[in-house]
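Once you scroll down, you'll see the structures, which are given as structure tokens.
Here come two complexes built around chain A, the first alongside chain B, the second alongside chain C.
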Partner chain A sequence: MKLGRITGTVVSTVKYEKYRGMKLLKVRQLDLNLNEVGEELVALDAANSGIGDIVLVNNDGGAAQMVFDDKTLIASVTICGVIDSFTCQGKTTHCHG
Partner chain B sequence: MNIGRVVGTVVCSVKTPTLNGMKLMVVRQLVNGAEKGLVIASDGTRQAGIGDTVYMIGRAEAALMLSKEAPPPSDLTIAGIIDPETL
Partner chain C sequence: MQLARVIGSIVSTRKSERLEGLKLLVAVPIDMDTMQEKGAPFVTVDTVGAGEGEIVMWAGGSSSRQTDLTTGKPVDSSIIGIVDYVDVQGMRKYDKAKAESGL
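Let's look at the complex of A and B:
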């Protein structure tokens, strides 16, 4: 699991048939100081998140299968939650405005 | 899923039988909008062409998109094409 920030949406007409009706978003990985690190990825949204949200990103293929209860769904990056706040080394960070 | 742009195709006569009929594309990786290295990906959509911006899954089980009965050995599979007007 990693922290990430939603940076955009992905509109895709031609796609893997199982993605029909699902939301694909661009997400940028964050460190615990909310600095952007790593590569911008396309993720399958399971948490109804939107642009600017700090989210919980799962980088495992099995996550989407569990969340959507479909053993044949293939996705390597899944957004599993929108983070309200987190505490690290005694410092609490609130993620909403 | 990583983002890239299709820049070419791979033609390969001698290959493992499960790869028969599969499209192999040369993809320029796009990391945060900047062009990076070239990779070879199989085309799970079967509709990607040169110039298309695509997203790819770097997992072996993504080969199930290509064929459920006999998944080919593919470590990078194109899962969809990003509509150009929305980039």
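Let's look at the complex of A and C:
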């Protein structure tokens, strides 16, 4: 899993049937200094996250199936958790304002 | 499996209920030739009681969901061992006891 920041929402009307009722979010990967790195991804939300939240981004299709308890779900990126804080080499970063 | 060094931990209250009870750590990949950190840090699940500073073995993808702790959990990488020492072609590249005593 990687750190990410929710940057927006995605609205889709015509979509894969199983995505009906699911929240699609835009997420940007972050490094440990919370600088944006890498590309922006579209993710399914499993943690009730919102714009601006620092989140755990899971980049595994199998894990997505576990989160939503559906072995036939087609998904690759999932938001699994909202991060409160993290500690790296003695330095604690709080992710809520 | 690959090597990484544990450099931190993560606290998350609001998360997928399937992730509850798992210890989340931050690790950075280790280059086997130089035993130096190489590559981007990642978040991983601890299944062996690893702590900050230790060099660990980790598995990614569906293999990471094969441990007793992570079966059926939405996990994409797991720490599955703590490294005591690394020998490559007769050379001791890393020794945990020495590293911890500062030699």
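The rule is simple: the second predicted complex is superposed on the first by the 97 of 97 C-alpha atoms of A that agree within 3 Å, B and C clash if a C-alpha of one lies under 4 Å from a C-alpha of the other, contacts with A are read in each partner's own complex, and residues count from 1 in each chain.
Here is the rule we go by: a residue touches a chain if its C-beta (ideal position, glycine included) is under 8 Å from a C-beta of that chain, and two chains touch if they have at least 3 such contacts.
Predicted, not measured: the structure shown is a model, and the values here were computed from it.
Q: Once chain A from each complex is brought into register, does chain C clash with chain B or fit beside it?
A: These partners fit in the superposed model.
Q: When the two structures are overlaid on chain A, which partner does A:Thr9 contact: first (chain B), second (chain C), both, or neither?
A: After superposition on chain A, A:Thr9 lies in contact with chain B alone.
Q: Considering only C-alpha centres, what angle arises at chain A between the directions to chain B and chain C, nearest 10 degrees?
A: After superposition on chain A, the angle is 110 degrees.
Q: Please indicate which partner A:Tyr19 is in contact with in the superposed arrangement: first for chain B, second for chain C, both, or neither.
A: First partner only.
Q: Mind telling me which of the two, chain B or chain C, contacts the most residues of chain A?
A: C
Q: Using the superposition on chain A described above, determine whether A:Asn58 touches chain B (first), chain C (second), both, or neither.
A: In the superposition, A:Asn58 touches chain C alone.
Q: Check the residue A:Ala46 against both partner chains and state whether it touches chain B (first), chain C (second), both, or neither.
A: The second partner, chain C, only.
Q: Once superposed, minimum distance in angstrom between C-alpha atoms of chain B and those of chain C?
A: Minimum over all C-alpha pairs: 13 Å.
Q: Would you mind listing the overlap between the chain B footprint and the chain C footprint on chain A?
A: Overlap of chain B and chain C footprints on chain A: empty.
Q: Can you name the residues of chain A that touch chain B in the complex?
A: Contact set of chain A toward chain B: 9-16, 19, 24, 28, 39-43, 61, 72, 74-77.
Q: Taking the complex as given, what residues does chain A use to touch chain C?
A: 1-3, 31-32, 37, 46-49, 56, 58-60, 62-64, 66-67, 78, 80-89
Q: For chain C, which residues are in contact with chain A within the complex?
A: 7-16, 18-19, 24, 26, 40-44, 52, 61-62, 65, 72-77
Q: Note which residues of chain B are touching chain A in the complex, please.
A: 1-3, 31-33, 44-45, 47-48, 55, 57-59, 61-62, 64-65, 79-83, 86
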